[in-house]
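The structures considered in this document are given below.
Both complexes below contain subunit A, partnered by subunit B and then by subunit C.
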Partner chain A sequence: MKTLNANPGAAIRALLFLAVLGAAPNQLSASPRALAQDDEASEDDADGNEKEKDADTWFAITNADVYTGTGAVLRGATILAKNGVIDEIGYDLFLPDATETLDAMGMRVYPGLVAMGATSSLSGGGLTSADADDIEHLDPHFGLDDPMRGDEIDAHVSPDHDDDESFGDYDESDSELTATIADVERIEDSFDPFGQALVLALATGITTAEQSGAAVKLKRGEIKGMVVNTDHLAGFGWSVSNPASIRKTREDFAGASQYLREHGAWDELDKDAKKETKEPSKPKNFDAAAYDVLTGKKLARFSADDREDLSGIATFAQRYGFRPVIFGCREGWTVASELGRAGAYALLTPRERSPKSELLVRAGGSSIENAAILHEHGVQVAIRPANTGFGSSMSGITGRDLLSLPVEAAFGVRGGLPEDAAIAAISLVPARLLGAADRIGTLEPGKDLDAIVTDGDLLHYETFVQWAIVSGKVVYDKQDEVYFAHIRPRPEPPQAPEPEATDDGGDDQEPAVDDAGVDEDASDDEEPTADDEATDDDDESEDDRRAA
Partner chain B sequence: MILQTLTAGLLAFSTTPNTDDLVAIRVGKAETISNGTLEHAVIVVENGKIIAVGEDLPIERGIPIIDRPDWVATPGFVNCHSRIGMDGQNGMSFDPELKASSELYARQDLWQKVLETGETTIGIYPEGTGIPGQAVAIRPHGDSASDMIVQDSVYLKINLQSSPSSKKMVRDAFEKVDKHDEKVAKEREKWEKEQEKKKKKSKSKKDDDKKDADKEAAASDTKEDDGPDHFVAPEPDDNVVPFIALRKKELSALMSITKAADYLHLLDALSEEDIEWTLHAPLVGDRRNRQDIDLYEVADKVGEAERRVVFTSHMTLQIGTRRDRNLPAEFAAAGAQIVLLPRLDTVDAHASWIHDVGYLVASGLDRDAALAAMTLEAARGLGLEERVGSLDAGKDANIVLWNGDPFEPQTRIQAVMLEGEFVYGEVR
Partner chain C sequence: MLSLATTLAVSLAAPQVAAPTSFALRASKVLTCADEGDPFVNNGIVLVKDGKIEAVGRERDIEIPEGYELFDCGDAWLAPGFVELHCHEAGRSLYSGVNDLNDTVYLTNPGMRASAAVDPGNRSMQMAVAAGVTTVLYIPGSGSNIGGQGILLKTSFNRFEENLVKNPGSMKLAQWGNPESWGPGVGRTFENWNTRHTLQRGIAYAKTWEAFEAGEGEEPQRNVSYDVFRHLRANDIAISTHTQFYQVVLMTLTMVHGELGLPVFLDHSSLGGWRTGALAEEMGVAAICGPRSVDPPSRRVVNWAQLGQEGFKGLAAGYQEQGHTNIGFNTDSPVIPQEELPLNAAMGARYGFDDSNLEVLRGLTIVPAKAARIADRVGSLEAGKDADILVVTGHPADPRTAVEAVFVNGRRAYDAERDGRRW
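So, the complex of A and B:
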């Protein structure tokens, strides 16, 4: 109860809260395992088991400027999380006993960043990109003499089947990646929670990384509960240079849509009619992925850079009424209004540099303004760097790989992208692409407390991530990291300004009361009853009143 | 108190002082491991066993004495994880029923060289990834493989990695045991029903044929004898047997891992199993032979569990830096039971084992823990702590005699006694 102030309302609230809480002798002793469970599981346990209920873990970041990612900025606010899930964000929050507090005075708090296409380098613990080809595909100088090369940029999403993948093969690749418990286990069973790439990712501000289509939270020291969602993106081909890919996609959607229509009509029949009419069967080459897209279970992912392809995809998506996700989207700025009408998502790299073919007259090639123009036209822009490895490309200012994700977003701002959109482009929008936006991407009550505390503007290249928090647990503290502690060491936290005498008095007296409470709890083997707590609290509120 | 019991022991055998096998070794110092360091120690050996150890024990007349007041005695070293003297074989395998003892080959000059390094007990493990089989404890001396074996099936070696397939292998192995248990339970039920039927039958028979009871009864008895009169469980598959033994704690496991994450995955894979196991972590890098071992990340957890951990005698580096880390020391300080191995599995590396451990001691490893790591703790890893690993009455007389403190670089081994017999060194 570090922030109990003289406000009698707060004191009463505190009282009520404690009564509700019941006896929670030492919540700090909660096992890390309990934390690892996702909220549902621990909720269940809490219902069934009194002990588990006592193990509620509270964590708070105080005094920080909170950039929630929803547009709001709360200066000097507090974020309180219960069992890793944000409980409340605001001012003068009541912090339950045994709340672990992180004082971020003078710092900023942002939602943890979400890195698309991080491949398996994180879970495997390696420091290089799992698909080293990426760097070639996206190197600004690499494709200069080969304008068609862009069509092949597809390797980053599914490194397992890249090189010889023709666009007609999407069925196969997708059937491999169906969201199942087995998928989650596969990731969990090979997760390296001590990997060095993981530390570097956290240092960059990344708290969730996409790995072969799954959203994986970068938990440290734990091997459970890090997978938020798997396989939310279904890949489809669309390339004018490969007409077969377009035909295949059209067929898939036509088939799925027809089935959906027929089955929908059949569903609406009453019981008797249903018996008489035959249930429509799936067409011969029924595409489950297209069906999932049409029913809203998945997002359709295209890899396209060429304006012909982009406008083709936009038209096609509008016809079937789904929102396409376009990886690459280099020439998106030339057809931004079409993409905007289609409600497209774009995953792009602001620093990409590839001039258009000299044979063409029309506008084309990459543009620094790409992200800005797309955003202006209503396209949801997600950003990723040129290389999705870690420390594998240090060329240019602050590198061109995942170590510089915020800098990449800053280059979007350089091209005119609003700052909040740039931050959303590396947090909320990728979270949506991974189907994980209900749990991560912004700081809102009900979502996981996956946050980073920075010592400055996230988009400034000199800014350091001071702490990273995943599921309400500090997983990265710059001062404890062998790689980072010595670089511009964190200054001592400034002394809290003391605006009012009342607060002052309260502060002086609180610790003594707190200590007494803790001692009592420690010496008492029995769980203190609600009465005990209540009397404790009475004392405290009396103290407060006296102080007032 | 020790002294008292020891003198009592001496008195007891003083009636037959002229046994040839009886010998007393008097040295300046003895590292008993179990009872600390004894000054002016006397070790009395009879019939291959140590029968008394103490400070300044009176030695009965007539008992031959080896008197070396400058020397230091330690127990023979126990190396619980080695492939010395074995051929290589590789490949991913699941052969828990295989035994390293079947590979043993006695007639090699190498064994004498191994003895000269002070190692008197060696745990030979079966090679291969996955679950390659069971280890055997040997003495590096003997004319045949069976002469060399101290005890077979000392532990089951399991290599575990942070991968779904590796974890599945372990889980599946125990699942097989579950299936076998189910099968046994079903068979037992069946058998019990049959027995009831038989009882009823024999009863009714007896009621019916009371007159010519003798013959018929005899006949029926013999009939019943045809079937077993107690339940015989179906034989489990060969590759299930070791896991049944694990569950019954008749066998322990040696879990080999290479990085910190493996430990968490190991705990996860074993979550529901209550078995005895030792952790084994060779401190050489898993990739490109860099010493990038991140095991310090789990030192606290391993220490808290007071787990026995087998390391090679290496200093390692903090990953990404050139900072030394002394993992054996860190784990020992955290509460783990440390077992050490030579740096490499060659005779030369075995010979410099004490030197390498000395370096770890110089960099912070507790000296007693280091000595125990080469002897008693290693013996515990093999389940042989009742026989070897310390200088205690009742244990095998495996004694190494040094001309000074073993950890001093200029100290050399002067003699090695294996089960009461000097196998190296001139002492008489």
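So, the complex of A and C:
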């Protein structure tokens, strides 16, 4: 039973909640997870229950209209996550006792958004810009051509979930992952998990951002497990105005392809023949990035807008059988069928404005219909605004930077892009580009619970994100932050009727009654409580136990 | 309800020839923005004759006269063309690629006319009409305190005469922000004195003409620098004011309107200007917001206004909270591209501006039309006004809403199907 002696309890809860949000990484023992574990541990001590339960934290979003991102919309459904990973989505789910619930009655739940090319202002640290255009004039392989690189290929991250887990809990002694660990550490060390831009990103619904080519989860107050994947995109040059870039790319792929063929043939030899035949060596100018693309470990990224370049890339990619990722893709709408046949991905800005050259007769330049036409031809479209920071909004001019990521997608809809494709363009497709779609991008069992709860259609300009959840933890609550709380404040959830007598449990899905909207029902049901003072506090189980 | 965009394609039975002089448009919703009567009509008809609106009403109430061609817009909506009061893109300055018309020779130069630089049918205007912006106030830049005279233009035609709505269309006043960079040794104190002095001289000049026209005194000597004040004194045009910050907007209201009695409306009007909302409402001065839509949090980056606020404060919402009822939107194009005028209104709504009575659409149409003293011609779908009509697929401010066709002066100035979708 729960006595709704709300105010003092709620205030303490709110304080605790804020304290948790503000906790420094070295104070993580105060996290909800740790608190929950403490509760369970004490319980277990008393009851002598199974030990395995200790490690599990359960979190559920209830009563929401769940837009899974896979095409399904489940009205009034529940999403249950175990240890930050979605366990089940559906109706009448069994919620374990210790489940922390977020009542999202009347709201919608979408997958957390993924921001490509987010400026380093988001991380608050000294990461370099991930925007390829900034370094386009450099050799795309600059700094990557060291002789050791070829040997490390196998140590590189594969998009497999299992391998990714090593990022969160990597073992320093694992020498094979040295290069990657350095990347992860570099990103973690330069990340500010308390920054203003981080909160604004979460307020927009962004739960993962691309930083320096890595997929970085916007965890708050902690950095553990924030890097999902690194370096999934390998950059290549292709510009008719710079024929050397095309020649270099052709050579890179020719060399890697030849090595793959020769080594493949050698691999098929039997043991004795192998001894007699020399193992094929890598060509002199072997390109590891092209090898990674051909073996499916990475995606090849090109920055191209001109239609001749786009056609060339499409033809080239088909020849080698890989799917090119094209940043920019301004004139893609004029060669959409070629790009579609090549299975291309496009990262574009629907509002881009570049009239075609007046010297040209053929169609060209930017088009508001670009995203729609590419989508229609089977190109997977990802969307980002022209300005991938918050500078414009922070000077008062809104609607044109990362704070309005869904607005940029809405302009895709204006040009004819279907709404579900527009949402995928800021969630699932960029997750694929980052090699992180096995973890994020949609709401499916087995994926991380990175989700946003909105008060309406995500693509509508008046819609606000009410809560953002990363790895099954509430990391943003509109009403708890200074930025937007005063704009159309969220109505208090309907108060549950005053309990007159003993309520015999089963209240896991009751609307939350506290300020934060997070209802921790820990052990309410099991402990027969005669104590009128028992409140909703985190330490209630201890009280209960004493009372019992 | 209005935010539910109907996205069904419009099948205008579009003839490839020029529209007839008399025709009827039928649509599932007609957003009239009229002050009298319903602000919108479901299943409505708009009759157009010789470039003007002849009648607006429900389908069952209006009989389509014989000889009128009927265009059925199906599920699409009709709305008045948007009116932009802060445009620098309808013309061309001496410097290619820069459209802003800034003569920063004199701090106050009321004689300079933006009309000389108008470049009809330029690319920005082609984009404007494709986004539904059918009337713009093309004004000199804000590099001087009084940059010159604006001109009110339609956006749709290739000839100056066809586009002309009113010339002069406004007098441009800039009170805070850019003129401070004017030359060495001029402080804001002098600028304020000089601005007031210029306005007083202009008023004195206009009064001599008023006296002469009333039969008193000799005919004054003509001074083209101050002729614009005769239009202002007649309330034929207003001063369009680049003004921002509470104290400066207060000066716009108390000095320009209160003390000197000149008609004025607020452009820009950001950075805490909304705190003057109650006074502006009392004085009947319209507040046109843009290119900023919010006062940002004071921490970090910009803290010019010293507002000490932590959250994002919507400007239009701020004026509304103060009881202001004439709130509109502008872009300061090219600061915001001309075609994104409706987005600025959408952002106003996002950050708290109440849109339950079509305030957002009014802020794009009738409010700026009244502020610029051209509501007799544009700003709403009412009999007698110019037939500037948008055919849209949903709420006119929603970025997802596509503009299918635009009629200006009763002519089909843009048709996405015919011309290719520009925006």
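Quick note on the criterion: the second predicted complex is superposed on the first by the 378 of 548 C-alpha atoms of A that agree within 3 Å, B and C clash if a C-alpha of one lies under 4 Å from a C-alpha of the other, contacts with A are read in each partner's own complex, and residues count from 1 in each chain.
Assume a contact is a pair of C-beta atoms (placed from the backbone, for glycine too) under 8 Å apart; a residue touches a chain by one contact, two chains touch by 3 or more.
This is a predicted model, so every value here is computed, not measured.
Contacts of A:483 after superposition: both subunit B and subunit C are touched.
Contacts of A:314 after superposition: neither subunit B nor subunit C is touched.
In the superposition on chain A, A:228 contacts neither subunit B nor subunit C. Of the two partner chains placed by the overlay, subunit B and subunit C both lie in contact with A:196. In the superposition on chain A, A:186 contacts subunit B only, with no contact to subunit C. Once chain A of one complex is fitted onto chain A of the other, the partner contacts of A:290 are absent, as it touches neither subunit B nor subunit C. Set against each other, subunit B and subunit C differ in how many residues of subunit A they touch, and the higher count belongs to C.
In the superposition on chain A, contact of A:426 is made with neither subunit B nor subunit C. Shared interface residues of subunit A (contacting subunit B in one complex, subunit C in the other): 196, 482-483. On the side of subunit C, the complex with subunit A involves touching residues 3, 123, 127, 270-271, 291-297, 299-302, 310-312, 314, 317, 335-337, 340, 343-344, 346-347, 349-352, 355, 397-402, 421-423.
By the touch criterion stated above, subunit B contacts subunit A in their complex at residues 162-164, 167, 259-261, 264-265, 268, 294, 297-298, 318-321, 323. Only residues 196, 351, 353, 355, 367-369, 391, 393-400, 404, 407, 410-411, 413-416, 419, 459-462, 482-488 of subunit A touch subunit C when the two sit together in their complex. The touching residues of subunit A, when paired with subunit B in their complex, are 125, 185-186, 189-196, 221-224, 482-483.
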